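Next come two complexes built around chain A: one with chain B, the other with chain C.
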Partner chain A sequence: MTYPSSSPKVRIEFVALLAACALFLSTVEYLIPKPVPFMRIGLANLPLIIGLGLLTKREYILLALLKVLGQGLITGTIFSYIILFSIAGTFASTLLMYIVYRFFKQWVSLIGVSIAGAMASNVAQLTLSQYLLFGAAAKLIAPPFLVVGLISSIILGVFAQQFEQNSAWYRSLRKGSL
Partner chain B sequence: MKKIRLGDIIIFLLSLVLIGASFGSYGKLSGKPEVRVQAEGREWVYDLSVNTTASFSGPVGTTSIEIHDGKVHVLASDCRNKVCIAAGWISSAGEWIICLPNNVFIRIEGSIEPQAGGVDDISF
Partner chain C sequence: MKTANIRLAMGLLTLPAILLQKSFIGIILQALYVIVLAVSHGRRFRILPNLILLFSVSSAHLLQPHGLQLFSIGNFAITAGALVLGARKAFTLIALLYLSHYMVTARPNFPGKLGKLISLQFYYFERITTIWRTITPKRPFIKAIDNMLLQLSVGGKEPFSTQVKEKASVTSSARNIGKNTLHLIILWTLFVLGNLAIFPVI
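Showing the complex of A and B:
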């Protein structure tokens, strides 16, 4: 896999830009009313999906970390146990998305990557809630979470796919000419 | 413009399977009522229609329950206030008896059907 060969300074600025996008989208996500507070659309995962084709492994982990911290800051949960859910969900989804993108790129578009990420995130968070919050009853909240995750991840995936195909900015970044 | 690929469909179908499996957890709620007892850090399940007795040990001693004619109650308990014994018999899904000093939690699970002549209302 080839990565844009811009200078390290430009690259770290680029990670910061994607992290800032995640921060902004976390805010937008926070504004949208939801039946239960921990049900998420996952808007802030968009930079993580788009970053897949642009970042090295280390930069990608850094972006995931910045997303967790930014989201915790926005929602005010950074020093509470809720951040554990954010960490579990984000890292499960970034790991699976990275694996799917890295090894199955020929057969999967960003839509599939997005769905896989959403499912990983939901399963990780539901498993965690089984131990931290609800016990065996966590199974009962699984279906609505997974259905919402599937629908929202398809929409995000379609958006990311369109962005990847049509954005001149993205193309020039891939070529390393920024 | 290339769009949906084979892998996308596979991932989509896999997540549908996952969602389908997750809906299975709702199936367990209906069906015949079961007595579920949480004690000693574990959970026991009894058939409400089979007469039996059982004992559970906890921090203050032993708590015995009896299942008889589709009802369950606490027969004896080593706790001080005997609130669990005073709770009497329970028989329908959603009802529960708890013995806090002895960490014993007894509840009935199953499909919640309106009892004949029972009152289940909320007023404001």
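Showing the complex of A and C:
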């Protein structure tokens, strides 16, 4: 694969590859035992964080869309209320991560980007749960939900940073030697 | 007509019958029916997430007292109306979730460019899972992922999309159409019975 490439076809294929990685990582995460039922690291967001340094704005949004639709198809939730949570969370985090990375790259590490994304995702999902599930009681689940989100996003951020620093594949992509 | 399209159509036509169900017993029966439908088509049913949903949504509704007071915990009143309202909402969500599971059992294809991209995404997903099986050791995880991505890139000198083959679509038989029509009729009958208050009122 040649990337970075100016060929639109190759670039779109690369977006599909990253989206497939997100699917793969979500299945890997499914196998990891969770200390709390609703706690998840969000490994599937790793391609979204890695993609920040590689994709254009349009490609980045496309990656988020493919991630949501792919996960919805694999888990069978694409026509249920769960897809609404997935769309709200993914697009809120995508938008904020893109803004933070684009404008504050010098001051914010990937850990910071990951935390920003997780907080945006959690706030969007809590707002939606207020209307769809819990009503006013959504306020009660907000604190544990946000704390768990903060912890898992730090873990994911460290993971993304480690990957960016140590991955031969990522280095080759940046140099354009793949 | 493809099986996937038949199931999608059946699911979409059933949505109003579930969303507009007013009877508590009716929605429970509809939920049970779609769960059986999804499970009989290869989907897994896990009791715990459904119980968590049922419990959390019902509890959340207790914060707004409604109807007959059953008992109280301190100043907090447990009311029958709020419990039933919460449980009905939870069963609606469970029914919609398993209906969605059923709708995708035949792997529907999306039309247009987006559909092609999703096919490409699943093509890569299959390649990733195949390559992942050959990767040893799988610890440390970052190195294993890196190896997998490198292998994927080395094998991809040609554009991968040229290798994507459209899966042969399964054409639906008249029997399949009949079966889905029957599911549709049963779910709508449950809706009618529920809304005519034929089921016991809780």
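To be clear about the criterion, the second predicted complex is superposed on the first by the 161 of 178 C-alpha atoms of A that agree within 3 Å, B and C clash if a C-alpha of one lies under 4 Å from a C-alpha of the other, contacts with A are read in each partner's own complex, and residues count from 1 in each chain.
Throughout what follows, contacts are C-beta pairs under 8 Å (C-beta built on N, C-alpha and C of every residue); 3 or more make two chains touch, one makes a residue touch a chain.
Nothing here was measured: the structure is a model prediction, and the numbers come from that model.
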Overlay on chain A: chain C relative to chain B, clash or fit: clash
Partner chain(s) touched by A:I82 [first = chain B, second = chain C, both, neither]: second
Partner chain(s) touched by A:L73 [first = chain B, second = chain C, both, neither]: second
Partner chain(s) touched by A:L95 [first = chain B, second = chain C, both, neither]: neither
Which of chain B and chain C A:I155 touches, first, second, both or neither: neither
Chain B or chain C, by number of chain A residues touched: C
Contacts of A:A116 with chain B and chain C, given as first, second, both or neither: first
Chain B versus chain C as contact partner of A:V10, first or second or both or neither: second
Which of chain B and chain C A:W107 touches, first, second, both or neither: first
Footprint overlap on chain A, where chain B in one structure and chain C in the other make contact: 140
Chain A residues within the chain C interface of the complex: 1, 9-10, 12-13, 15-17, 19-21, 23-24, 27, 37, 62, 65-66, 69-70, 73, 76-83, 133-138, 140-141, 159, 162-163, 166-170, 172, 178
In the complex with chain A, residue positions of chain B that touch it: 1-12, 14-16, 18-19, 22-23, 25-26
Sites on chain C touched by chain A in the complex: 11-12, 38, 43, 48-49, 52, 56-57, 59-61, 63-64, 89, 93, 96-97, 99-101, 103-105, 107-108, 110, 114, 117-118, 120-125, 127-129, 132, 142-143, 145-146, 149-150, 152-153, 156-157, 159-161
Footprint of chain B on chain A - complex, ascending: 100, 104, 107-109, 111-112, 115-116, 118-119, 123, 139-140, 142-143, 146-147, 150, 154, 161, 165
